[in-house]
Amino acid sequence: MFGSVFYISQMLHPQKSKRGKGKKMSKLITCEEAVKKVTSGSRIMVGGFGLVGSPLSLIAALAQSEVKDLEIISNNLGEPGRGLGVLVRQKQVKKAIGSYFTSNPEVVKAFQDKELEVELLPQGTMSEAIRAGGAGLGGFYTPVSVGTKMAENKEERTLNGKKYVFQEPLKANFALIKAKKADRLGNLIYNQSARNFNPMMATAADVVIAEVDEMVEVGEISSEEIVTPHLYVDFIVVKGGN
Amino acid sequence: MNAKQYIAARAAKELKNGDIVNLGIGIPTLVADYIPSDVHVFLHSENGILGVGPSPDPEHIDPNLVNAGKLPVTVLEGSSFFDSASSFAMIRGGHVSVSILGVLQIDAMGRIANWAVPGKNVLGVGGAMDLLEGSKRIIVTTLHTSNQGVSKIVKELTYPITSERKVDVIITDLAVFTVKEDGLHLLELSPGVSLEEVQQKTDAPFRVAESFKNGKEVMAQWL
Amino acid sequence: MNAKQYIAARAAKELKNGDIVNLGIGIPTLVADYIPSDVHVFLHSENGILGVGPSPDPEHIDPNLVNAGKLPVTVLEGSSFFDSASSFAMIRGGHVSVSILGVLQIDAMGRIANWAVPGKNVLGVGGAMDLLEGSKRIIVTTLHTSNQGVSKIVKELTYPITSERKVDVIITDLAVFTVKEDGLHLLELSPGVSLEEVQQKTDAPFRVAESFKNGKEVMAQWL
Amino acid sequence: MFGSVFYISQMLHPQKSKRGKGKKMSKLITCEEAVKKVTSGSRIMVGGFGLVGSPLSLIAALAQSEVKDLEIISNNLGEPGRGLGVLVRQKQVKKAIGSYFTSNPEVVKAFQDKELEVELLPQGTMSEAIRAGGAGLGGFYTPVSVGTKMAENKEERTLNGKKYVFQEPLKANFALIKAKKADRLGNLIYNQSARNFNPMMATAADVVIAEVDEMVEVGEISSEEIVTPHLYVDFIVVKGGN
């Protein structure tokens, strides 16, 4: 016998444990339940390139909640009144770390009014820093931004005759990501260019909540096509689901 | 053909079969329309696509498929999708053959500014620095002067620099320059443009390349 | 049940529902056979598999599907494959809940040596250091003494250390220890083993935990 | 019109160029042709975890060639007389960088006889260093091996209270990798645990040669399932092909 290394029929119909250890392993929750986990002052990674691949149902639920003083790590901050732009408008965001906020004029205004702190990173440095956070690295050297304003407060180092700047890893308390499909274990696949920052963010937060278009049975996503293995995903909400 | 279209068409002539090409926003985007029919390139978009195709008809727009300018696109057969870290690993690792970029300013050594404006809050950088650092070859496309007639090719940058890395080719409506160790070399004049006009409208010093072609010779190449 | 099987069975009791578990070579591999039927774990293999299943029948061996010990395996529904960099990113990033490892030596602070032998050429390290550094919890399984009767739990390591990171639990044929700030705490004696025997066969000093269970109490737990 | 941004029918039936720029883009070559590209003294990454996912046809062709003084970057060095073990037996390998060579006793003997230099890295550090090489990074800090013999000649640094060692990126002149399928452009997918080091190595060498079980038409591997995009692959050989 092979013990009970995960055997799917058992998980889908969990038995009462003889020793009290058994628990239902379903990761499926509602947006409301998901957002209740987030506390004010949290650092949250939010997937998406603009609104594409952004977990809009989770963001809408956050906007309905009382949480504030959030530190958001996301490439952009939505558009005025759309996506993360709603949280900015409602002054729920204290600080934003990302690569391109100019596309939302309300972000520019909030920054000027000193209502919002901003930390800017080149897009490749940002995505790599998130990956490094998830991969347990202490930081890395990138040639990008050497000699520019973006490197002003960063360590510069010459390695093999080339100049690099040091970048620390990025981690967060929560990651809110968007995927196309999840199976019941939490394995994820994405939709075309909506993949973007989501797979890295799934690796770099204490609690990862994935919003998906569709939930399927285990086995419907093949072992070779899974992009985010289930160990990275703590909770799943279905888009628009309550 | 207006000035921007001319620049895009001239830039397209720089592309070679099999090139992996990243097109910036503005004039660079127009380049796709002028790639010669016998030159086959692959368009890379830094949000995670290799093999970008033409814009879709309005009824075929897929909200999950956009380019780095956040505009709807299509993909061609053989395309692939990947995450942002993988996409920028490609760029930084030197796997993109050519990036065609817009600029705000170019200095006498061929370094550019294209991401921020002095005196304004710096709230966006995007992938500009990554592309400039990592692409094997950088082609800059720009109008030679601003709307106010101010030269974009300057002795020293007054806008924040994007990278210490020099670009390879500068293509404007008036001229084409290559960038060498010692600075800018004028390679071509556009049809109907005189050397004097370029000298007058270029703040930065430049040399005339040995292989220099005047407007007439360039015109002959287009025919 | 021989000594190694007993150790494996005892280690299996440490696993919790939903754990992501990496099993080393030797006694750890045996653990899979003893996981209680109501505890569902996922086996990770550092060569790029999550969801390893039992060994295949000889006629169903797939040469492209092996575990980190290079032995043929199967995969269960919901499994996934990934490259080595991604696999070690998982390990180093703290996404593996438990690693069960074999050892050569354990010191009084709970640090281990399990990758090299003094005086021999060091030509292999594999994933030992990564697993020890990155796994959330480390369980060590080992015979208490060598074939020559020499204690594997020593005051100071004489074999090269694998990591400065201390392990969490030590399970031998004679006893179970937990590792705390101040060193080793004896938690359990195996059925039929006396405290004196463990004291005699353990070179490193240890404390007896408050929640200490003797062999009789442990035996009762198994029934 | 959209210029001729790669249009598949054109590539598969390349037309004569009007301006002399057109060239046949097929990446398919024979093992013999592939190996002719490799010169003595080259640094070569070779995929595989043991023999699994190892490009055995390319290695066999290398063993038939005169190249020597190779520097091999590979997790293992095959088995006695199998895979890379043949190159070791034939003394074609000058130096090996990898994580586990003990499984081939002939490697141990060659090392003792000072016929083979060995550089050992923890497996995760090695795979990350190859990724870093392909990703244009100058190096990274890993917590793995701190305080051990493996870190003896490496820079140690404390970042946010935790100790790390610095690891340089790994690059090579050639990468010989193994995949399950390639399409005619060079997009690759792998076979289960035979994926291992191959995708990273594809990114980190000047010339990448992929040995595949099967070559398929463009479009037969879907955009979402491609693991190695074609831009990383210079040449393709079909397993056992001449």
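First chain written, first letter: the chains are A, B, C and D, and each begins at residue 1.
The criterion applied here is as follows: a residue touches a chain if its C-beta (ideal position, glycine included) is under 8 Å from a C-beta of that chain, and two chains touch if they have at least 3 such contacts.
These figures come from a predicted structure and were not determined experimentally.
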(message) For chain A and chain B, which third chains touch each of them?
(response) D
(request) Would you kindly tell me how far, in whole Å, the mean C-alpha position of chain D lies from that of chain C? (result) 32
(message) Using Cα averages as centroids, what's the distance between chain B and chain C in whole Å?
(response) 57
(request) Please list all residues of chain D that touch 2 or more other chains. (result) 128, 131, 135-137, 142-143, 190, 192, 223-224
(request) Mark out which residues of chain B touch at least two other chains, giving numbers and ranges. (result) 75, 81-82, 88-89, 91-92, 133-134
(request) Once you've mapped the touching chain pairs, tell me: line, ring, star, complete or other? (result) other
(message) If I apply the definition of touch given earlier, which pairs of chains qualify?
(response) A-B, A-C, A-D, B-D, C-D
(request) Would you pull the chain A residues touching chain C in the complex into a rising list? (result) 1-8, 10-11, 15-19, 21-23, 25, 131, 133-137, 183, 185, 187, 203-204, 218-219, 223-224, 226, 229-232
(request) In the complex, go through chain B and note every residue touching chain D. (result) 12, 16-18, 20, 31-44, 50-54, 75-82, 88-96, 133-134
(request) Please name which positions on chain D make contact with chain A in the complex. (result) 128, 132, 135-143, 157, 159-160, 162, 164, 168, 189-190, 192, 223-225
(request) State the interface residues of chain B toward chain A in the complex, per the touch definition above. (result) 45-49, 62-67, 70, 75, 81-85, 87-89, 91-92, 116, 121-130, 133-134, 160-164
(request) In the complex, go through chain A and note every residue touching chain B. (result) 49-50, 52-53, 75, 99-103, 107-108, 111-112, 118, 120-125, 127-128, 130-131, 142-150, 163, 190-200, 227
